[in-house]
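Shared between the two complexes below is subunit A, which has subunit B as its partner in the first and subunit C in the second.
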Partner chain A sequence: MTGRLFRLAWRQMNVQLHVRIFNLYSLLLFFMQPAIFSCVGMILSKAAGQERPDLVYTVIGGGMLGMWSGLIFTSTFDINRDRRDGTLELIVASPTSLGVVEAIRTFTNVISGLVSMVAAFVVAILIFNYSLSDTNILGALVSLVVILFGMWAIGVFLANFLAWSRLSGSLVEFLEIPVALVCGFMYPIWILPDWMQAISKLVPIRWALEAFYAALLGEQDLGFLWKRWSAALLLSFIFWISARWLEGKVHDHIRVTGEMSSI
Partner chain B sequence: MIRSIVRYLRLYIIQAWFAYRALFAWSTPFNYLVSKFGFTFFSMLLFVFIGKYVGLDNPVYIIIGNILIIPATNGVSGISMTVGNERRFGAMSYLLGSPAPRAPIFLGRGLFHILDSFVTVAVALPVAIWIFRLDTSDTNFFLVLLCVLITSFTTSGMGFVLGSVSLVSRDGWMITSTLSLSLFILVGANFPVDSLPAFLQPISYSLPMTRGIMAARAALDGAGWTSISSLVCVEILIGLVYITLGYIMFRLLERQSMVSGSLDNL
Partner chain C sequence: MNNYAIEVNKLRKIFTTRAGFWSRKTKTTVAVEDVSFNVCKGELFGLLGPNGAGKTTTVKMLSTILLPTAGTASIFGLDVTEQTQAVRERIGFSFGGARGLYGRLSAVDNLRYFAELYGLEPSTTRERIPEMLELVGLADRGEDRVETYSSGMQQRLHLARALLHDPELIFLDEPTVGIDPVGARELRKAIKELVAQGKTILLTTHYMAEAEELCDRIAIINEGLIVALDTPSVLKKRISGDTLFEIEIMNKNFASLQAQLQKIDSCLTVQITDAHPKKIFSVRTSQPDKVMQLLSPFLSSQQILELEVRNQTLEDVYVSIIQGEKA
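Showing the complex of A and B:
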């Protein structure tokens, strides 16, 4: 059983990575869009009279945006592409559930999104001389893993909506910038009005991201980091459990109504 | 003569209407509104908060700039998709095989996108003025609307060029998206063009929208026609250059595809 699952995971990831690598749109999502948003941040910073941009929020925040955009678009495109190519019906009808397939695909998408973060660090270090000397590296790495888990949980949750209806595509894509906005991808969360901060408390990425940026800025207080990791993990599990529940509902719905290809 | 003109006009308007409807035919009103306003509105808020964090106290520049850049959604992405999708959905071969005149067919792709852009900005701008309590006591609204209309028209030129590019490249959408995003930096939507590095400023001034946005900002601040006329005239000129370039590219690609049969193979 475990062997079969690993074989499935390996083959699915292999195909998924090939699709990602040979799709030039990934270049836009992982590199171009984050670079453009970072450039806007840097030029605004210069226009405000600052000699040097804030590397953590402006440059590495751009990498975070790339990871998120990559995930949100690939998760939607994967199912829409299946629907367009006629393979969605085959996956739904196969003994392996759509949920398992989506979990593996989303995991691959999240991991491949790391390339955006790596690029942001390379730019920050090589071009802007960003120093890691004050960074809590272990804290940052743990936070990054928690962020990845949070993104994965949200990805598998949202994938259900795409399986339910192609019209959900716009709704899911619509979440790209709002989530970046309320989670403070490119600025500290305290900049936001209180009501936006309250909304962001429901998103696991917000907590893990707060810990990640704090660790990059040298936060050593384990209590501070633990609180945020715990909140992020708890919310991620809630998303994951909701995704499992939704999966059953959507699976039944599209089989009973036969609406999978028509809506 | 008159019959010929009527035929051209009919073809132009019918093509324009169907091309516009076809792009959004699959969509619900919600999807349509999201595609129109969603990315632009939330990007604007993101830039406002980035600006606030780096120390810019007044977000008005960013808000107005991001409203004035809305025509790029229709003018660049919409028109480019309309032209590029002809090939994707297999309609291009039939279109090229028909004896219909090319100019109304190609240029018709832009008409409703231009009108849509204009109406969108004309609605969004007063809303922003009302929400952010902007001082419009000196504003010349007629000139502002004229600048918005001209910018909507000139932006379509870039859409025609990119639409032609998408006929020869499967990755046309990626190129279009990248250039659309680059406009956030290049046309002075979020900061004055003078803030750009020196090597980017000539690129900025060679693009549609840059002068249109500058003129609209000046008109909002109360500038008269004499102050902005040179900006508006050069903006129109640049738009015409891009539209002509797009049309020439389309005709060249058409001719090339007739010889090589390569259009549907790419």
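Showing the complex of A and C:
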């Protein structure tokens, strides 16, 4: 069973990467868009009177935004392509559940998004001489893994929602910037108004990201980090359970409406 | 345990669509009204009907892609709505056309992916992929990207995908559409081989000759209802004994011929097609001698441009049934 799942995951990733590898849109999505946001962040911080830009919030924040945007747009792209090409029907009517396929796809999309983060670190270190000497590297790595898990859990939920109807894609794409805003991708979360912070508490990425940035800025207090990791993992788990519930609903709904095809 | 591969009882599918933002308008479309039929194990069953008759919707309900609104259907005794997973493992389907394949992948990579979705063991996948590509005549193009394939090649790849997991029952929705005559003949040969191996096939097609050549039994579906169901030979007997005259005549002579034909009671149907500057009469009759007698003055005065006399084909039966329904 596990062997079969790994083979399916490998094959599914292969399909996604083959379909997308020559896709200029993906390159723009993962590299150009975060770079533009980072530049805007730097200009704003300079305008606010800072001598040098805050690399964690601007450059690494740009990488974070690249990961999140990548997840949103590649997930939407995948499902729209399947609708257009008529492959969604074939997946739904195969013995493998759509939920498993969506989970693997989302995993691929989340991992693909790491290229934005890696690029952001390369830019921060090589161009802006960012030093990792004060960084809690282990804390940052664990936080990054928790971020990836949180993104995956949200992504699986959204992927199921995307399969629900042709309209879902527009609604999911609409979430890109609001989630980035409330989670504090490019600024400290505490500068947000209380009501926005309250909303962000429901998003697992917010907690993991807070731990990630803190670890990058040298936070060594394990209690501080644990608290955030735990909150992120708990919320991620809730998203995952919700995704499983939604999966069954989606499977029945699309077989009633026939919305598996764009023509 | 019965001998049926497919049992369909009063199957019905209604699609409901909603439009408008402020005032939501609901529109319902009855795609399948009331369909009942059985298909025996090892049978090649044809589903014929005009566009929008409900053929594809019926096949999609049987292949678990759509949920019926009402009625029941079972595959090898397994309910398509309740035992979905078990049904999916035992069926294969192909909806044809350029859709349903990953164009940027090779045929081999497409098949590998679907092999994983159907849970095939790696050793089985390694054996089956070359076998299937050989069967559909794509062995030498297996590593090429599917987007470089002609529509006929894509159609054949659909069949290879449908057969990959060696299903007992195969749904083929218009499998020869877009294929050249040679390719279509090869595909029909492959379908016959599958039936010889004991597979059950449900085929939908627009090509009457294909249905007549391949199918053990045929159901004609129109506006979501089965309007005829039998073997091709029995269906032909429905209007057999009748002879079909196709008469091409210039417009100026049309009225007098029409008046003469109306005098004959045995003219079962008279159809007139306008092909300016001439008209084509299609006359179905049980008394060809009478019609011939009537036509002889027109023939001798060379008013008739072309005359064809032939026996009924399945196509005539189909046209007669569908037009009878419309009337």
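One rule holds in what follows: the second predicted complex is superposed on the first by the 257 of 263 C-alpha atoms of A that agree within 3 Å, B and C clash if a C-alpha of one lies under 4 Å from a C-alpha of the other, contacts with A are read in each partner's own complex, and residues count from 1 in each chain.
Definition applied: a contact is a pair of C-beta atoms (placed from the backbone, for glycine too) under 8 Å apart; a residue touches a chain by one contact, two chains touch by 3 or more.
In this text, all values refer to a predicted model and were calculated from it rather than measured experimentally.
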Subunit B versus subunit C as contact partner of A:134, first or second or both or neither: neither
Partner chain in contact with A:221 - subunit B first, subunit C second, else both or neither: neither
Touching partner for A:174 - first (subunit B), second (subunit C), both, neither: first
First (subunit B), second (subunit C), both or neither touched by A:15: second
Partner chain(s) touched by A:85 [first = subunit B, second = subunit C, both, neither]: second
First (subunit B), second (subunit C), both or neither touched by A:96: second
Contact residues of subunit A, present in both the subunit B and the subunit C interface: none
Subunit A residues within the subunit B interface of the complex: 24-25, 27-28, 32-33, 36-37, 39-41, 43-50, 53-54, 57-58, 167, 170-171, 173-174, 176-178, 180-181, 186-188, 191-192
Contact set on subunit C toward subunit A in their complex: 15-16, 60, 63-67, 85, 88-89, 93, 95, 97, 99-105, 109, 112-114, 116-119, 122, 161
Residues of subunit A touching subunit C in the complex: 4, 7-8, 11-12, 14-15, 18-19, 22, 84-87, 89-96, 101, 252, 255-258, 260-261, 263
Subunit A contact footprint on subunit B (complex, rising order): 27-28, 30-31, 34-35, 38-39, 42-43, 45-47, 49-56, 171, 173-174, 177-178, 181-182, 184-185, 190-192, 195-196
